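Labels for the chains are A, B and C, by order of writing; each one numbers its residues from 1.
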């Protein structure tokens, strides 16, 4: 199967994307994040900007109470320690049992044995979406790849087959992040273009996308649709932000501004198109 | 008692506010923060901008040595774990014993049992100021409310009576943050207008305000006056920042800039008024 | 020995600085950071902007696997706990054994007994560069000074003799950060001017410099040259950023932008000079 055969592009403003974004803003889904210490602030600001309500609840004593009342959960192993791992597994298990949809972000899986074991345990709790870069998805799919710390050494399109296999094996929708994002449920593969290379210079942009996917899972039952809508909103905001920016510092700021502005009253692009 | 009967508005540039801000800048109070992992960077930058000297000292082995030499302490339970709780209780006890004034920020108290228990323990060490949103203050006051993660579901004005009860019971000055901030020592209730709704889209803006109140406690013996001055400086900086901003990303940046600029040489508003 | 006798100034665009920066951008050195929780995000963004590949790997179970494959390691004790200390010591020992160069940032050493003990243990693992402010370097050199939390109470030039002694005793290159940065291997002392006072209002600017020195260590065998080049790049980016900024909020953003832009295609200053 070639790339051309499988992908259908959903760009902004696709009506389903606009509808889902409106739902996020109307319902403010509560997103319970157990994420890494590099990106907590950025992730929370991205979630607020898109219209969700972030809650970074990380105590082992609290995650089991909180995950069931949240609209969605995000687990990101970027800086996982043995202490954090207990909270992540508790949150994932509680979400699974309560029927709260949850996103797994397996940062640098495959590159380090300790976190690879934790990710394998997390997979037993049935993530609704798995989001990663090409190296991470290939590692989870059992296909050897390389990674450089948290950075992928493969192109997202190289991971499409691996993503489909992983989706079939786990039952999760798999989102591969790259220059073009790909989302698959094991059958359909949907490509979302529009991101910008400079975003790879903003730490946690992929992690923040994982949180946005959780926000959209909080308002949409179809994980495939939630992943596509969340990715499309993030991509267009990223693309617009890159046009405004001198470098990665101003890009991070503009990304949050554009996530807040996209599809809103002042969004002429949308006004013209709909 | 109605809102109209109790509040007196102190807006910028009130002479006492200006005087206190000048003291912060002249003395650079050392503010020992044991705060949550979402807002550490933002809090430190806010404190530096306003003229204080932040110190995020969080080791159990260090808090008891440091709190007594700090000018003020901030304890914020936003992402408290059992590990953090020991440091928070150690810092609060050491501050209480040494006479160092300290601010308690009881993030999401009432919503989760574990942290509610920790906050109750912290209250035994006599916080000088308690800062929270309406839901948190109502929960502490024993009045049922709701909260959505860290976000309040009530308006600040609804928590005025609860704040007064809480202040009387604990001996702390209570600051309720919202569209209008209210500060009370159990008798007087002072309203500080001027914040901006967009600030609720910047994660940790309330937490950073708690740190600013600690900075003002570091230079002013009256906790009521410190809370009013700190809230007024933060509110005017927030209001000015919102005017400069396209969205919450640029607002966070502009808030820090305006906290640095407010009342300074380049501040024409103050120059005209004084 | 007077300041005038020892310092030679290396400003931008010195050919060796430009050459080293080009190497960082070509090789993207993998920098393993075990740093403090205030500055993780800022440090990662600074490293990405300068052209390095940051990896915040902090689990005790992972540091010994990761430090040997990284191009350089950074250990920063800013918010060290007993839990973190094990990871820091593990990373430092693994780096030392594997021959991975590493930077020690002894934040607030001397001011607090617990971290002072940890820093002494870390010194046994032979850091390649020690970076600190004047108070920290003087404390490590055994000369009494004061510090105010993480802020120095001494000028960087006052710590030159202490830095030389420390370098001779430990075998590390010592970098003293201040209005003028000084770098020494115990014999030569090189001054790098060009930073800006407003940078002291951006939390973690010194910590981020420590990470940049690690990035340059990842591509250059001479620790003295790496420290000088990294300091010079950071200083010129900081100086340019300050010219663009209204206050410390916009300065932090502009610093990252300028670290990304410096010496690049759009850098007319360099184009004219070379």
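Operating definition for what follows: a residue touches a chain if its C-beta (ideal position, glycine included) is under 8 Å from a C-beta of that chain, and two chains touch if they have at least 3 such contacts.
Please read all numbers here as calculations on a predicted model, not as lab measurements.
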*What pattern do the touching chains form: line, ring, star, complete or other?*
complete
*Fitted rotation between subunit B and its twin subunit C in degrees, CA, nearest 5*: 120
*Do subunit A and subunit B face each other with the same patch, meaning over half of the contact numbers show up on both, or with different patches?*
different
*Distance-wise, how many Å sit between the C-alpha centres of subunit A and subunit B, to the nearest whole number?*
33
*Touching two or more other chains, which residues of subunit C qualify?*
37, 41, 83, 252-253
*asked:* Touching residues of subunit C toward subunit A in the complex: what are they?
replied: 28, 30, 32, 37, 40-41, 44-45, 48-49, 53-62, 65-66, 70, 83, 87, 252-261
*Where on subunit A does subunit C make contact in their complex?*
36-39, 41-42, 78-83, 108, 112-115, 148-151, 200-204, 245-250, 252-253
